[in-house]
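Heads up, the next two complexes both have chain A, just with different partners, chain B and then chain C.
Take a look at the complex of A and B:
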């Protein structure tokens, strides 16, 4: 509930690029105390919330080569401050694309204006980019809206204070369309014996809305609780959504009572739904690595990758990162599928396969030479996991399906909904023996 | 040369930089006085730069104030921000010149309050309320009253905030009579303005009676706020519920129900605010839902993840039964930050039960082999902790720890030994674990743990004197290379062993160690040597004297065989462990007796028995002898066991 006392944007060495003080209570140059505090820890042990001996709390995030830091003197909600800082970075990204020391230096007046608009007396105010761009214009935004500043301001005011603050009236499109992208990320951790330690699906429904007026949308999913509430059985597989979260536009009380997803969408891109399913899933890919030390200076890897999804699906851009000793050199690779690269900076080799069909298995052989002087961390690679990245279009691991999307508007136009499914890797790791 | 010198000196002392500075200032003056807006904006940019370098801007302020009445929106805004930043400087209120400048600035800003443009009006209000000028407060309230009924809700909301701001800056200047009417007016406004008005009242008076009237309205409005306002509203409701509700109140349940719907929003800060309310009025089903929601946020960035994990840690302590089903979500990933990994391990160890023991143990073991030493230390420590908690699984844990001990780095070995030492104190059968520690004593690089192992050995000296003697012999070989704390323990061990076992080779060993200690480089060790050697001299003199004199009563109080007893007095200078007060004489008798000699004696007795006529007494004697035989056999077996290889002791322990 308590606000931020001051905000700093610091460079990598802790020098101030931008600062705004909202309360008089803070000592001058408090950022120097923060810098000293920061030096007490290394990059692994540095916690994002620190407190000094006078009771001031420093909450900070890092972005590129910058540190966004706030000082609080009272017991504030940490997560609120974090979300403000992330929002600030997001807004700055929308303005300058690359948020780094140089862009902050070049545009520091705009940053000042933004901070003034986003925080009042340390209390977060307007943080939506769509609204902010109406108030604060850089050269790229200025040209379009200069003609009628008063009118746009009025729209903005209506936006901020209305109950539907996410959509303004009077939007018009020639062709009314909605694009739904169902993206599922699979977080999986597979143990040394091939057992699944953790499997978790993080899903989201991204919407690109190009609809006129103030339409009312109704979305039907294969939600098990919905079918149960209706007292009927679904033809296809129903999914149990326990942890489902919605954009603010969805009428939550209606969902809670009737399990119906009804909303007036914001214009443009937004995330409508996010969900987490903690269900047991068979690994989509399994990788076996056989390591053979041919001699003291030679090590051979035999990598076998297998896909376990249906044959009709195909995974694109599959990359398998297998850790190797940090002092390995002179790599020799042999494989019939894809290509292999040695990445010394990651201490791994990357086996890329453009298209990996379902129920297929591929082999790869790699030989590395090792120097006679043994590196102290030579065996470290065995404690690192194998990482896999992939993308499977037209497929969801959970079986998530959009049953319908009804679009209603007063004007009664016809609109086209488009749905696309995709499964990607989240943190997909296999522990080596 | 003479002509050039002063110039050089001048440059060295900064003449050059001064001239650059002055040329900069000239340029700034030129730009700020220019007719063109672009030039002025550039000049203000330069002023911002100077402000960031903590330079005094008083000189330029009058020009900035002159720029305020201009029509250009951006220029006006930049000037206003600069003025409020200038006012925020620590000496702005104390310095008279700066204060005067600020008062000058107020006139054009007051004028802006009546402007048609909403933005200008808003900025003017924001700037005025942040100027921190005491004299202005009554004027500002008058101006606020004029715009409180502005048609624009955004302005009305800002009015509430500006009152709060003025109060935050100087609470003495703002009295309830000044703002009561304004706030009452704002309470009837839209949901956002109402929230701010309630917030202002709470912040200034610390009371939430006002919510009696607006409680249901606020709950109704919850779904319409943006995330930051929603958090504020929830905090107010939390405060209110703490002040006015008891568990089970109908009205409270309405709030809890509303919060349940809000758990569907994708904002972690809201969930944190709700968890505060839920933990204040705990209801099992709601907390179960809350935990599930919190677990979902484990996939966000590591900064926020840290807070989320701390929340989960709290839940794991208070409601482990609901978090147990999500333990898989807490599995550690390679890319995570160390503090997240450590917290996850802590939480996992709190969630262990008989169902998930295998999986969590596997995770702990995997992390115990990791590359990060801090992580290894915590993992091993938690392993021993969980073993103490679940003695059922002790064999499995010890086996795994042994695996780590064989393959781990020296740091890891230290941690494993430390956890073994920890385990020894809780176990009844201490010897097998002690044997493992002894086996690896050479590899322990951390002196604390090495000293602890020797200390533990000292505590068990009564049971395994032969093994202690052997270990002492090994330790004596590297005595001079040890740390003083370890030497100290070795010295005590040797002395204690010598006290209970006065065989020749033990005495020689003790003498050898004492000699090493006598000439040791460490003062601590030499000091201990002196104390110990003195006490032995005491013993000799006492014994000589006591041959003639009857033992004193005090002597009887001291335990027989203890060092104190031998010395005939308590040794206050030496911190003696508690074993000295225990009567271990029985155990010692069993071990000191050497079996073969006694067996011979019994054979002789048997021969004598055959020769003597049989009588009842003889029968009794033979019975006694047989009993003794049995005892001796047992003793023999025991001794053999002790002499056996340490590995076998371990095998016995694991394969029963």
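Take a look at the complex of A and C:
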């Protein structure tokens, strides 16, 4: 296993914005080889890893109008490099919010410093934004007074090699609060007959931590395995996770042995947990589309959308994308709920409903005119899925619940934990007839 | 942008020169930033080397970083000037109070890679390896392989020092970097450097808990190459690794999986193995639904490998590999590939149902791949044959225009017919195929059609007429098609001697003067044979293969020893291309393993089953094939199944000359060509 030989940040046209070499010399114009190589492929054959005739491997990701590309001359760990590139983008985002050509150019000094600190000899080192921030104070954007005494640097160094490297001591808040956001995304694929082909819940617990000192937190969930480990019967509905992953601050061995989630959090925003449930869920929304061809030049859609969750919940910003023929024109929509827009660029119409209560059904009627000259792909739309986007606050599909969050610090302050639930669409698709 | 002004360079260099030598510190700093900006856009600022170096006097760390960056960039161009920096470096390394400065200096020093500078570097580097501050140590440790690569002769003492450090180091981060750099040197050097003992292993396991995520990767990945002494030790290490499956970084999880999978072989407790498999499987599945397709792709490429040894992990999990509409093509294709592999007697129904939906999608390219996958399943699993064929036939019924998916349909149907000659009896596939035969326009598809006409002439109403059309256009066709028309033409002649005498005459006339030697040769052979004894030709050409078992069941398996090597390199670039490391990188020596059998982990059957490869070997026919020189390359190349296997099906009884000719030709073809006889 070897490291990255060099890293390039390229603009859309493949011009170098920033490059940093870590290992043995590469040909000077290797990025041009990369650009040429890129042209050899089309959307069907393009893969995120390419190798050239000299054995150099190009591993790259795209972000906005940038390409983050690494060259390896040895058998490096490809997965690690991808993970690193995504992390790099993440860190840059923390620094300049929008990572694009302009912000990279404006902040090249910071980027150089980051690349220097995050990789050594081509191996990822410190990639935690909160620590890097302590290292690299250069701010070319917002001008702050830069009176940072040398002293802090010493602490920083100790921080990196510390056991708890993600939090520095001496943080103070007037009001100690923690906010938990439980966000569940529902990936669902529904077949033509309304049968569920695939359903999967991807959940996340986002934390905004505003606590003083070095607190020790203990999080209780309605985790089935935890109840079982405790030998008690779960009173209410417990969740059985297929897989659960934690931020590095969580003591993993403690969790493995006792199913207890215990940690000293980083300051500010971070993602504490991500989990996955592979369970059969009833579709939250079902959509029926009836297509009628009144004549050769007229096509009528009757769309019926139904919500299947409990009446006390309400979905917000529901958008239903129904594919239409690519040459459809002169749309006429009729519906009592929400509004409908024709989106020719997506070959679909979008029916948006601001609020969609549980156990309701709505109807919509659309008529399109079709030109007499038939587009070769006219029937393609029937093979495309219906997409739905939505947000249901105060609700988790899985039944995920935070039972408690205990906060303990040496100073013994009282802290307030807050929690908020929301369910969103992931890839929510219904196949049309 | 101020830094990237586009004015005349000459004037600017002078201006910078003045600013660099200015007494005002802020002005100097701005000037250095400008220099770096020029360097970034590729302007040559090497002339300023002297002035830039002078600024190293200042202790401002931000400025130091920039100057070092500048030095790294230009030291190769100006090795003589770089020597002047040495003093500054040594001063920074030895005298600076600030560990950050010491580390920065040593890190930059390592990047210089100028051989004659390295002798000055060794001493300070030795000091840094023993520095009190772990931050400096972790940097120095990574610096050693850099120096080793350029001047190995200077390093023996350093390497010893590293070994000693391994014994006594207690900081997790340093330990992780240490393991990584020693490993790198081991590979370059070819000698073992890391000597593990129980104490060190214990220490490494502790370090996994303590160090940052990338360090965990280094240690896990290293331990995955270690062979545990006994079942007990394997168990302990696995136990300590299990928590990593819940780590948020996909690489950490994957490395943990890699380690556990490797150690499973050493466990002698069957129940434990089963439990572990149950734990690993959901972790892998999560990685597959990672929100970044690039990560998914890397995992998918490795999954096809893992599957061969651990089918148990994806028991009942086919639906994980179902494609969703918006995924990039490289993910979809990988998933299709895996669906074919995972398909077995239990789940083929589910797989085919899903493929049936893909086949109706709008994108011909994707449909083409789907058809190919269905074809493969039909050939590999007899049980799935009827269902697979009915999907294809249904597709054929709806064909209204030609596209690339239709081409694939002909190709796959031909392969299916080859294996199951009696298929035509059970359904009307032949009739339907023949009705759309004019849509075939790719050489491969056309030759597939020609084969079908020749083979099933008796069952197709207008076969002779159609062949007549082919013969009329003979000269315009691709070589591949010409060869097949020849063979099929002869077949027709044998079947309908009187009806086709004019046809065969015309065919031989147009073929005998072909510029292509293969076509010419084959024409002459047939010609002579026909003029000597048509009965022989009949036996040769209209031979019906007996026993379709000659189709090797799993055409895309790795060989035992390659599989072991590949599993050791899970996650690496070589695996991503489905190659062995030594095939991609000349300098890598692969560990020799004498293991003859791979333990296969299946769900319900007993734990130990001889590798599939061995099973296949029992078949005499296949054994013969394997004696033929076959390149490893082909075996590993999953996208292109080995075509040899199918040749022999009909070739066995065919003319040897012909056979060889064909083999040579088809090797040049990129797509998996099934030999047409």
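Basically, the second predicted complex is superposed on the first by the 419 of 433 C-alpha atoms of A that agree within 3 Å, B and C clash if a C-alpha of one lies under 4 Å from a C-alpha of the other, contacts with A are read in each partner's own complex, and residues count from 1 in each chain.
Following the convention adopted for this analysis, a contact is a pair of C-beta atoms (placed from the backbone, for glycine too) under 8 Å apart; a residue touches a chain by one contact, two chains touch by 3 or more.
If you're wondering where the values come from, they're calculated on a predicted model, not measured in any experiment.
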Checklist line | When chain B and chain C are modelled together on chain A, clash or fit | finding: clash
Notebook entry, point to check: A:86 contacts which: chain B (first), chain C (second), both, neither?
Noted result: both
Margin query: Quick check on the superposed pair: does A:51 touch chain B, chain C, both, or neither? Answer first, second, both or neither.
Written below: second
Next item on the list: Check whether A:375 is in contact with chain B, with chain C, with both or with neither, and answer first, second, both or neither.
Entry: neither
Note to self: Which partner chains sit in contact with A:317 here, chain B, chain C, both or neither? Use first/second/both/neither.
What the structure shows: neither
Margin query: Contact-wise, after the overlay, does A:12 reach chain B, chain C, both or neither (first, second, both, neither)?
Written below: neither
Checklist line | Partner chain in contact with A:341 - chain B first, chain C second, else both or neither | finding: neither
Next item on the list: Considering only the touch criterion stated at the top, classify A:330 as touching first (chain B), second (chain C), both, or neither.
Entry: neither
Next item on the list: Give one of first, second, both or neither to describe whether A:198 is in contact with chain B, with chain C, with both, or with none.
Entry: both
Next item on the list: Among 325-333, 541-549 or 595-603, indicate the stretch of chain B whose C-alpha atoms run into chain C.
Entry: 325-333
Next item on the list: Go through chain A and flag every residue that touches chain B in one model and chain C in the other.
Entry: 1, 16-19, 21-24, 44-45, 47-49, 61, 77-80, 82-84, 86, 108-109, 112-113, 116, 120-121, 123-125, 127, 135, 137, 150, 153-154, 157, 160-161, 163, 165, 187, 189, 191, 197-198, 200, 202, 242-248, 250, 252-253, 255-256, 271, 274, 276, 278, 377, 380, 383-385, 427, 429, 431
Item checked: chain C contact footprint on chain A (complex, rising order) -> 1-3, 16-19, 21-25, 43-49, 51, 55, 57, 59, 61, 72, 74-80, 82-84, 86, 105-106, 108-109, 112-113, 116, 120-121, 123-128, 135, 137-138, 150, 153-154, 156-158, 160-161, 163, 165, 187, 189, 191, 197-198, 200, 202, 242-248, 250, 252-253, 255-256, 271, 274, 276, 278, 377, 380, 383-385, 427, 429, 431
Margin query: Touching residues of chain A toward chain B in the complex: what are they?
Written below: 1, 16-24, 28, 44-45, 47-49, 61, 77-80, 82-84, 86, 108-109, 112-113, 116, 120-121, 123-125, 127, 135, 137, 149-150, 153-154, 157, 160-161, 163, 165, 187, 189, 191, 197-200, 202, 242-248, 250, 252-253, 255-256, 271, 274, 276, 278, 377, 380, 383-385, 426-427, 429, 431
Notebook entry, point to check: Once bound in the complex, which stretches of chain C touch chain A?
Noted result: 1, 3-4, 33, 36-37, 40, 42, 61-62, 65-66, 69, 72, 76, 98-100, 103, 107, 110-111, 113, 133-135, 138-139, 142-143, 145-146, 149, 171-174, 177, 180-181, 183-184, 187, 209-210, 212-214, 217-218, 221, 240, 242-244, 246-251, 253-254, 282-283, 285-286, 289, 291-295, 297-299, 319, 322, 324-326, 328-330, 354, 357, 360-362, 365, 569, 571-577, 581, 584-585, 588
Item checked: List of chain B residues in touch with chain A within their complex -> 41, 44-45, 48, 52, 73-74, 77-78, 81, 85, 88, 90, 93, 116-119, 126, 130, 132, 152-154, 157-158, 161, 164-165, 168-169, 190-192, 199, 223-224, 226-228, 231-232, 235-236, 260-262, 264-269, 271-273, 292-293, 295-296, 299, 301-304, 306-308, 326, 328-329, 331, 333-335, 337-339, 359, 362-363, 366, 369-372, 374
